[in-house]
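Dropping the structures in below, format is structure tokens.
In the two complexes that follow, chain A is the common piece, with chain B as its partner first and chain C second.
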Partner chain A sequence: MSSLMQFYVTELLVLFSVNIIAVWALDLQFGVTGINNFGFIIFQSVGAYAGAVFTLGSQSANGGFQHFIGGAHLPYPWSVVAAGIVAGIVAIPIGHMGISRLRGDYQAIVMLVLAVMAVNIANAAVNIVNGPAGLSLVPQPLVQFFHSSLEYAWVYVALSLVWALLAFYVVRGVTAAPLGRRLRAIRESESAASALGINVAQMKMRVFVIGAMLAGVSGAVYVQYLGSWGPTSWAYTETFVFFTAIVVGGTGNMLGAALGVALVPIAFQELTRFFPNVGYPGMSASLQWVLIGILMLVFMWFRPRGLIPERRRTFRGGKVLALRKAPVIESTSAGMSSDG
Partner chain B sequence: MTASPLQGELDDNVVQRRSTLRAEEQGEAMTTSSEILQVEALGCSFGGIFAVQDASFVVKSEGITGLIGPNGAGKSTIISLVAGSTRPDSGSVRFAGEDITGLKAHQIARKGLVRTFQKSNLFARMTVLENLLVGVTSMKGDSYVDALLGRWRWQQAEAKLVDDARELLVRFKMDRYEDTYAGELSGGEKRMVELMRAMMAQPKMLILDEPMAGVNPTRAREIGGHLRELADEGLAILVVEHEMVFIEQVCNRVIVMAQGSVLAEGTMAELRRNREVIDAYLS
Partner chain C sequence: MQVAITIFAFGILTAALLSIGAVGFTLQFGVTNVLNLAFGALMTSAIFILYETQRAHIPLWIGVALAAVWGSLSSLVLSVGLINPFVRRGTSLFSMAVVTVAAGLIIEFSLEAIQGPQILGFSTQTPEVGFLGIVMSELQLEIIGLAVILMVAIHVGLRYTRLGLKMRATAADAALARSCGVSARKVRLVAWAVSGALCGIGGALIGLTVGSFNSTTGNEFFIILVAAAIIGGVGQPYGAMIGALVIGMVSEGAAYLVSPAYNYIIAFGVLIVVLLFRPQGLFAEYSSGRTLTQ
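Entry: the complex of A and B
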């Protein structure tokens, strides 16, 4: 492989890791618990800003051309961990506003509005994270230990994959445990869940915060690779790329979400790069958004559970052997919402 | 009243049933059975219109209590008020000697008062066995610490609960549906799963909102039989039901509601002699 090709591959792999952390986090909220977090990008962005601020040092560094609050020089893994924690803290008031007391459509509306507001605030309040110019010259972690940039690119792939593994461990741990069953129960029927003693508001709030923390981690991993982050990096529409990845891959299924990431943010967005330039400059970029929308609609209509649907959870073993099991009927046409 | 599919069985049993009811009633009078639920002067209005007004009644810790009344009498509202889905404007609810007025639904459920819904409310995209397991109010592995520490923290506890759930499935003759998605069951089967799911919570008292709605007569008799069995094992049950035959057959006591308040309480035989009740409902 030529070194240029290797750079391209490493970029895709980092992009894959960053996106998969985010998509697993969103799937835990949306696919498993049924929270319509249309403002998910806020938390990835908060993590990215925090990940930048925690490595940039004080405002006066680099000639003091950037204005931001809370600059620090945290050593490597801690800058990412701290970014996750900041995103989690930001999620608490937002969750109280938009998630714990609201259901379905209302959550979606409130979160979408908050996402639009958040970009505007980041733009307008220049002293928080340097306004429209955004933050740049974010130092790459551990870069001083490596001689060639290609070598470092592969090291960063490994680092981001480690973070993705951590996200896998968290989301898998939650969904496989009895806790995950309770979250799915909330998705299916909040009233029935609370009638069985589940504190629905609290459970939704916790999932929201955990998801936000993972989103923050993904943002920090991303910004430390890119080296810069600004309001143009996170339009509210970015959330829909994640949603499309989940809907295409399969809601509530981690493998499905991974497939969705490979197909939508990676393959789909990369392929459109090779399209011939038609019309005015930037038209193919706009068409890309149209295509993502169409992709989502097509899947919602014809394969609402995605390519790899949520798997049926059965229990083997135990002292009472159920021998008279009814034939299992697979229904894929049941639509997004449950019928109960 | 129109002839019901249950009528046939009733005709054979009614005389015997009534006599046993009377015997039970006399027995109760002697042992002074305790009251598990005490509802006092409960009131709730929506936009100035009273759905429930000054409603008071008690439910005994033994047997099945029926809650009947014409449409709009406030039966479902009373259930919501007692179970915490709606906050009452006035009055008090005591459960097992404890004031539970204004507690949230999940808090009340955790105290052992579990309700079902008029419209079947299962977790449709979860299997029957999973539905049952969600019923367990508290178990190892339902906290983030347990979940993140890994399988070994909760696996054994879960295996035991799976056994419990399977025993319940066998008892209710639903074991062949263990791995079926709850959304794919028939109306009657859904009712059975709701009942089993509530039982997994090991409640002290069950409130069932029209458990026979949309259920065929055979299944209705089956559910009635199960309820009787559970009551005989010491579970207090309050049932809202329209089907008078069912009420006659399985309820020890009946509460009659009309226009948001309680009109009368007693055995069905007593209520049949009550002029007010006849005028309001039974005529």
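Entry: the complex of A and C
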């Protein structure tokens, strides 16, 4: 492989690891527990900002051209861990507002509003994370130990794959029985789950915070690779790339999510990059988003459970329990119905 | 005192702009039970319609009417062609959110692909009127007037007509309404059409007032009017009107007293307080609070 090709491959592999951490985290919330987190990107972004701030050192570094709070020089793995923790802490009040008490679709719209609002705040408050300009010159971790940049690129691939592996064990640990069984019960029917003695609000909150921490880790791994992060890096639409990956790959199972990542953010976006440029510059980028929307609708209609459907979980007595479709309650209309 | 009057006047203007879309959105959700996240993209498309009519030198208010017709038709197409088939198939409420988001992405980025990234603008010049020490343009006063007319029309329509009664019945309990001889299907179609028209007018007027727009303008304002609808209690038309007033006053107040950069952020602060202490919204009845919050 030529070194140029190697750089390209390493970039794809880092992208793959970053996206897979995020998608596994979102699938834990959306696919397994049924939390409609349309503001997922907030937590990846919080992690990215934190991962940057914890390596940039004090504000006065680099001539003090960027303003942010809480600068530090944390040694390598700790900067990423700390970013995950910060994202988890941010998730607590947000989860309390948006997740633990609201109905599914209402949850979705509240999270969407919060995601847009978070970008507005990052833009308006220039002293928190340097406003519209964003943070740049984020140092690459451990770079001083390697001489060639190609060598370092492969080292970074290895590092990000280690983080992805870690995310795999965390998500698998959470989704394994009996905790995972409780989460799936909540997804299938919240009222049935709470009737069985499951504390629905508390479980959802836990999953929300764990997912946010993983999202934070993915953001930190990403920013330390990219070197910069700003309000344009996390438009609320970015969340839907992750959602499309889950819907295409298959909800509620890690293999499906992995396939979705390989197909949507990686293969799909890389392939469309090679399409001939039509119209003005940027037109193919908007057409790409149109295609993502179409992809989502096509899969929702023809293969709502994705390319790799979640395994049917059967009861030892032989009776099929899980995975019926969520009931449509014809009579509940919006606001004013009296049955709860 | 002068500051208070200025804040009040422009707060009313913002509220008027937001209330049209917010009432449309909340009515749609109340009657059809679908949270339509493509609403913002449809608002943008209405701005484009108004822009095209202005380029063709069609009188402004006919252009707004055309935007309303467009909003109504596209919203009907969206419901009949996309949303209803998914609902009939039994797609869960929360998957419906994903479906409407996908539809919104398709509309928004198709507009961007057609129009390109440049920002378009309206060049509407109307004489200015000064009163009580403040200056507003005639257009702004007309917009406030139109919003008031629309709100009164919705109030009268919901309270005093048979159709309004059927709509409220369907919103309250579709099964019960059906067993009383209300065709919930027809009522829902009417709701899609009416709310679509409000979406078209609201979008077009927002574009006209802001002056410049691109393919994301509708969604930017959609978020704010959703905030207004949530403050009032989603599904509650009167709540949406009050929510729009709250957001209008708070954001204009913040713009004058704190900084224009913070106007909507502080208005969102109100939303957060509401979500923390009364997640079902200020004006929701207790029962509706139970369906929205578990």
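To be clear about the criterion, the second predicted complex is superposed on the first by the 313 of 340 C-alpha atoms of A that agree within 3 Å, B and C clash if a C-alpha of one lies under 4 Å from a C-alpha of the other, contacts with A are read in each partner's own complex, and residues count from 1 in each chain.
Definition applied: a residue touches a chain if its C-beta (ideal position, glycine included) is under 8 Å from a C-beta of that chain, and two chains touch if they have at least 3 such contacts.
Everything numeric here is computed off the predicted structure, so don't read it as measured data.
Q: For the overlaid complexes, name the partner, chain B or chain C, with more touching residues on chain A.
A: Counting contacted residues of chain A, the larger count belongs to C.
Q: Between chain B and chain C, whom does A:Met283 touch in the aligned arrangement: first, second, both, or neither?
A: It touches chain C, and chain B stays clear.
Q: Have a look at where A:Leu102 lands relative to chain B and chain C in the superposition and call it first, second, both or neither.
A: The second partner, chain C, only.
Q: Would you sort A:Val200 into first (chain B), second (chain C), both or neither based on which partner it touches?
A: A:Val200 sits against chain B and chain C alike.
Q: According to the stated criteria, A:Ser189 is in contact with first (chain B), second (chain C), both, or neither; which is it?
A: first
Q: Just which bits of chain A does chain B share with chain C as contact spots?
A: In chain A, residues 191, 200, 325-326, 328, 331, 334, 338-340 are touched by chain B and also by chain C.
Q: Give every residue of chain B touching chain A within the complex, in rising order.
A: Interface residues on the chain B side: 83, 85, 104-106, 109-110, 114-117, 120-127, 129-130, 133-135, 137-144, 146-151, 154, 158-159, 162-163, 166-167, 169-170, 175-184, 190, 197-198, 201.
Q: For the complex, give me every residue of chain A touching chain B.
A: Residue positions touching the partner: 169-170, 173-174, 176-182, 184-185, 187-189, 191-200, 206, 210, 310, 312-315, 317-320, 322, 324-326, 328-329, 331, 334, 338-340.
Q: Once bound in the complex, which stretches of chain C touch chain A?
A: Chain C reaches chain A through residues 29-33, 35, 37, 82, 85-87, 90-99, 101-106, 108-110, 112-113, 116-117, 168, 170-176, 215, 220, 223, 226-227, 230, 233-236, 261-262, 264-265, 268, 271-272, 275-276, 279, 284-285, 287-288, 290-294.
Q: Tell me, which parts of chain A touch chain C in their complex?
A: 34, 36, 38, 96-98, 101-110, 112-113, 116-117, 120-121, 123-124, 190-191, 200-201, 237, 240, 243, 247, 279-280, 282-283, 286-287, 289-290, 292-294, 296-297, 300-301, 304, 325-328, 330-340
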